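Multiple structures are listed underneath, in structure tokens.
Okay, so chain A shows up in both of these, paired with chain B first and chain C after.
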Partner chain A sequence: MNRSFIARNPSVLIFLSILALFTLLVTLLSEGFGAGLVSTSMVKTLGKTLCLCLIAVAMDLIWGYTGILSLGHFAFFGLGGYMIGMWLMFERTRQIVVTSLSEGVLPPTPEDIQAAIGNQIFGVVGSSEFPLIWMFADSLVLQLAFVVLVPGALAFVFGWLAFRSRVTGVYLSILTQAMTLGLSLYLFQNASGLRGNNGLSGLQNLPGVTAPQSVVSLWFFWASALALALGYLLVAWVVSGKFGSVIRGIRDNEARVRFLGYSVESYKLAVFTLTACISGIAGALYYPQAGIINPAEVAPIASIYLAVWVAIGGRGRLYGAVIGTALVSLVSSWFTGGQAPDVNLGFYTIKWVDWWLVLLGLSFVLVTLYAPRGIGGLFDLVARKNPGEGP
Partner chain B sequence: MSTLLEVSGVTVSFDGFRAINNLSFQIGAAELRAVIGPNGAGKTTFMDIVTGKTRPDEGHILWGEKSISLIGMSEAKIAQAGIGRKFQKPTVFEDQTVQENLLMALRKDRSPLAVLLFRPSVPDLDRVAELAAEIGLTEMLLRVSGELSHGQKQWLEIGMLLAQEPRLLLVDEPAAGMTLAEREKTTAILTEAAKTRAVVVVEHDMEFVRRLNCKVTVLHEGAVLAEGSLDHVTKNKDVSVVYLGR
Partner chain C sequence: MKSLFLALLSAVLLTTAAPAMAGTVQEVLQDQRALIEKSSRRTVGPAIDALVMSDLPQMQAVLEAWQAKEMWQRKEDGWFFAASKNADGTYVLHRFEDGTKVGDYAKGALKQLKPNSGVRAMIATALVQYQLSDPDINKRTGALDSIARDPEAALLAPLRASIPGETDPGVLSRKTRLERLMSMAYDTDIAVRVTAINDMSGDLGVDFRATLNPILTTKTTILAVGQTTDATTDANVARVLLPGSETLSTQAAYALLVAADLAPAELTQDARDAALEANIEAGRVGGFPVAQLGTQAKRDAAYDALVAADLAAPRITAEDIAASLASYQFREIYQEPSQAVTDVAAAALAKSEGRVAVNQAVDLGLDALSLASIYFLAAIGLAITFGVMGVINMAHGEFIMMGAYTGYVVQMFIANHTLSILVAVPLAFAVTFAAGVALERLVIRWLAHRPLETLLATFGVSIALQQLAKNIFGTQARPLTAPAWLDGTWVINDVVAISSIRIAIFILALLFLGLFLFIMKRTRLGLETRAVTQTPRMAASMGINPDRVNMLTFGLGSGIAGIAGVAIGLFAKVTSEMGGDYIVQSFMTVVVGGVGNIWGTLAGAMMIGGFQKGVEWLNPSNTLAAQTYMIVFIIIFIQFRPRGIIALKGRAAGD
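Right, the complex of A and B next:
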């Protein structure tokens, strides 16, 4: 990354500085390391928000820059979560099992240990056998690699089939919805080997770590901030040069790019796969903070929300995607978490838990109609860079 | 003169309608050729076939000294083989600068990884500046191309074609919507380009074709009606029937 890249993209430096400042501030106010003004659960919420911002950056790359409206990126996010969840759950259960078995008279054999872990984890789905996909669950290194490789491989195969047949526009969006729906339905089955609708739980506990959650939550918060910073930097670099020119060209007129001699399909596939890998990492950091992952997380609606966040923030500009996601997801959890006071109109009581979706839908429509550049577009108005163009 | 592109016996139907009907066409390595014909004659479809956008039902398309068949090759591969195309409607990337448009077209490795790592060198930028001068857009180099006038966009597109360094240029109605002065400049750019490569210009403006001063192929209902100098083809009885209805 040379100096001219940062020099040519001052917004990257501004973003990274704000992120660093925010991280420092939260740390200083946290229960784990500071004044205790920010609760541990708030630290987790903020950490999860940073992960959502990271997948939003990926979404902006695939949709805002390349013009492919993927409505399936939460499948990759969820897969990342499952991959790290498998190790977390296995290793923690193993430690508990070993401790309890060692209290017995005879030292446990490896078979005993394996059977006991299997019983603990798969008892809920009426099994004690380890499914084949848990083969490497005892290896942190491999499961970490799968966080990137599994979403990447799924995206590569899906993308290869879809792009090669030149599926575009709304048809591709529907296909990505089908993909995430298919994954969700598959995971719901007990036979999937990932505990069906129970999902994986207890992910907030790091095996072998005795530090309290107030401290662990900050570790994850920092890791999320770092991942967002690196992801942002990477994507900003990818879109800055000729590669950025080509993908924006694909977005605006893909036939023209083909006649310039670029293999449009390869570019789409590369971007689709890269963004899936980034989404996997974001998911792997998100779910240990959430504590649980289940198949509902990769339901089609999740990926639609992602598109709404990015649209409201302003697509085609990375900070827009981040602002939109942070704002909407935080406000959303405030409304749906039951913290928002109900409004009593006398004849009718507005319950925000129900009405929030209407509000979100309305703001989406309004942004699409009146501010297609989203919240990020406001910066143009302030900077007056493009005085000729509307907001 | 050696043949660069040889199209023989090509037929294309759209839902039973024969847009191109047993068409044959040849062009040499450094030749300027005008293709004229009334609306719907199949001129654009002809370009679609050569550039791989439309696949012919029948016929052969052979390219270069080695007579490679272009049928079945992807658009990107055909473009990489050396065929550049300018569309009827000017299509430049409007939200990118003139420089970015030209850099994208510059003849370089087009694989995603190479493009990702590409940073323009000084010779690359010099070449872009040179091209911009050729098409009269030096002042506009750092402007967003959406701000260009209609004529300037047409030139930028021609500039992008030249940047690709193709051996064959297919230019679809370059003079449409241009002022007289702009047309003269366009003629100059095209005749200059044809000194070192093959250029096919589709046009139905006769005045413009006369100015190009080259061999003319007349298309009608998807087939070649006449071929030769402009004077020769305008004397042809069939041509006057098609154009003038008598």
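Right, the complex of A and C next:
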């Protein structure tokens, strides 16, 4: 099965080879292990971009292949980040606290340590009590499991409710948008137990690791590349078999698939939950590289941008999602980071920091109108054939 | 008039105090010279009292001069005069008695009296008695404000005395009310106080409740069991507290005993750890190595070992606590000694609070209605484009923003706020109508029957417009000032009040509802729109141009969004991101209400507004929580009525 699956999808092999080459190249040029041509912050940016590509692959599965435009997948991404962030923050604070408390005359009791950690972490929101949701924050294994389980559970419950009552199309999009807005508003409260609008910070420091950031950033870069490779393989495998045919059928004509006897709701729910889990993993890898996570990350706009990336890259083809995401997010950070040269028109100077979003918005309209297959469609023009994946 | 007041005042003062010594103003001042010269908040009281008691008509002027630092002392004999500065730097002195000029003096021959702020406040209180009957109405209301802010028993009599001479009905009613309130708290006759409280029982005023609350304050006292001769035994007992009950936990009761030095303090963890640290010998405490003391159990054991070795005080056990508590009684005692007063006060307060709760519910209802009309305004344009045409317009929020900025720009050119609003409303409609028509022609028309693509394309328009607005107007919030006649608040009573602007928005929402119904049911455009909505091809066969109808409908929906923007901008700040604040709620309103039905949008707005205000009422400090719960509620609501409150027949909740 696996062999024939790879054989039937040469693009998967090509993509994986390019990803491996790219990873190797970045490593060899990095400050940590190589020539030092690629700065540590650049490595982090590239690592984060790989994570965004991973969630874009998930988005492509749910939107490009199943036809469900979810405008809430960044909720799962953020939840994954929060889950790993809780452990990172707890463990690092615990080490600092234990060091400072052990200077006392009596050795610290577990209660002392717990209280001091609580004070450190929740002091900013005027509390020192550990909320219930931090119960397992001391366990890396459990929090790693939560990275998958919590977004998965939220997606399962939400999807079960929504698909069961046959909410489809734009209604579902708006409902998913409401979900991520609700989550973001909830997290903004101090009472949510996740430090309100302060979010979780200091995530770039791995507890117990003394290696410099230039090395740690590469570890995360590799992990992100590996996760993207595995996620890409998994999704490519999912869409290649009979399951893939059924979900494409749902995208193209839901009623007909239902009449053929398939349980459309179960398929949708399975895809929705799977993509949420993948998004959670992507978030768990993204935020330790970003260093901080706060509720603004799960605001509705983030998920809409995700849809924009996938649409520009080309829906219904996984490499399209990856290309679109990598291109738009990197170009975005180039333009908004102030590195792009301003254009002097004589009567007016175009500052890209100000005008980039206008350009992006308009180009997005143009892509939707005139190039619905996105950048990936260019490959069709070159290859002069339809791979059978397009919308 | 003034002499009448003074006669009354003196009559009151004479009945409450010993007759004042006769004499001139200067004699009275000289009597109190030492206190006046070295005035401080603690010592000056008797001097001010003496000035007031002297009952001289000029004393108001003296006190005012003193307060304004215009009273000077002549160094040669220490006499007090009113002084004002001449152009050549010398000072001219006037006698207080008759205002006659004494002469010009150089500054060196005089000493200015400079009362500090504490003393000035005391002078102000003394002046209140004069000001209560001052011919200037502003001084009278100022005096009432000062009494209401800081009531004192001594001010009750002058207040009562000033009532018969009051001519202004507004001030009179304030005086009467204040007199009733002060009677409750300060009258010496209990029957008068009880009557005053009963008269106002159930009143909604904050001042009424603020007067009753101090009467009903209690403190918890401790009484040894069997003790009967104590002074507190015949106190006005509110209730007896049982330790270990809900009102007084065992711990709190014991803490009270400890605080009153009636029982030894419990051993805290800090005290235990301090004892352990004090007894470390050669790395061991009570036989335990220090390194092992990393748990509470070990530390307790070590401390017990110290106790056994007589190195530390024994612990207080639960039995000790129970025994201590058993020998005392805990009672809540009113500060107010009269039981008759506290009984009626408690009843009156309960009645007031009951009525306040009812009125708060009314107020909440008004708030919910006002929020609902804002949601309705924001959503009605969307109800047209989304509900009637089935087009998702993510740029709808930006049309709202465009309308608000139109209002702001108009205001920059037209200074008169009323006129500028009257110009802004049609202009905002025109601008957003044009934008809507352009969007429909350039983008949406080409994406017909592809709703998800429409959503994404209009989102692109949305981010472009938002950034464009940011580039033009900057990131800071721009004010859109409401005309003065919309600035006020309609106050129904102390609890229920609604600002005029919210009333205006409510009326605007009603107008739009009527306008929408009129267009849809009574005009040619409405008829054609409904026809195109139902079956576009059939409508086209009947000679209706669907393209034109769609364009006009979309323009209409966008134009209404622009007017809503002006209305929203009036009470919220105008920013480039304001559209985003309303877009999700607007979609919710339309979806919850039921697509394609204006009554559904109205019902959706009412439900969302009501629900949000309801949650805010349960948890007033947290509006974020209210929004979160609202969204969860909507998600669940959609499960049960996927087509909204009012569902059109024959139409799925999708596509």
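In this text, the second predicted complex is superposed on the first by the 383 of 391 C-alpha atoms of A that agree within 3 Å, B and C clash if a C-alpha of one lies under 4 Å from a C-alpha of the other, contacts with A are read in each partner's own complex, and residues count from 1 in each chain.
One rule holds for everything that comes next: contacts are C-beta pairs under 8 Å (C-beta built on N, C-alpha and C of every residue); 3 or more make two chains touch, one makes a residue touch a chain.
As the structure is a computational prediction, the values presented were derived from the model and not from experiment.
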{"item": "Partner chain in contact with A:Q189 - chain B first, chain C second, else both or neither", "value": "second"}
{"item": "First (chain B), second (chain C), both or neither touched by A:S266", "value": "first"}
{"item": "Touching partner for A:F243 - first (chain B), second (chain C), both, neither", "value": "first"}
{"item": "Which of chain B and chain C A:S17 touches, first, second, both or neither", "value": "neither"}
{"item": "Chain B versus chain C as contact partner of A:S100, first or second or both or neither", "value": "neither"}
{"item": "Contacts of A:W355 with chain B and chain C, given as first, second, both or neither", "value": "second"}
{"item": "Comparing the two partners chain B and chain C, which touches a greater set of residues in chain A", "value": "C"}
{"item": "Residues of chain A that lie at the interface with chain B and also at the interface with chain C", "value": "none"}
{"item": "Partner chain A, residues of chain C touching it in the complex", "value": "273, 276-277, 280, 290-296, 299, 392, 394, 443, 446-447, 451-453, 455-457, 459-468, 470-471, 580, 584, 587-588, 591, 622, 624-625, 627-628, 631-632, 634-636, 638-640, 642, 652-655"}
{"item": "Chain B-facing residues of chain A, complex", "value": "238, 241-243, 245-246, 248-249, 252-253, 255-256, 258-264, 266-267, 270"}
{"item": "Chain A - residues contacting chain C, complex", "value": "69, 105-111, 158, 161-162, 164-175, 177-179, 181-182, 185-186, 188-189, 191, 300-301, 304, 307-308, 311, 354-358, 360-365, 368-369, 372"}
{"item": "Chain B to chain A touching residues, read off their complex", "value": "51, 53, 74-77, 79-80, 84-85, 87, 91, 93-96, 100, 103-105, 110-112, 115-116, 118-120, 160, 164"}
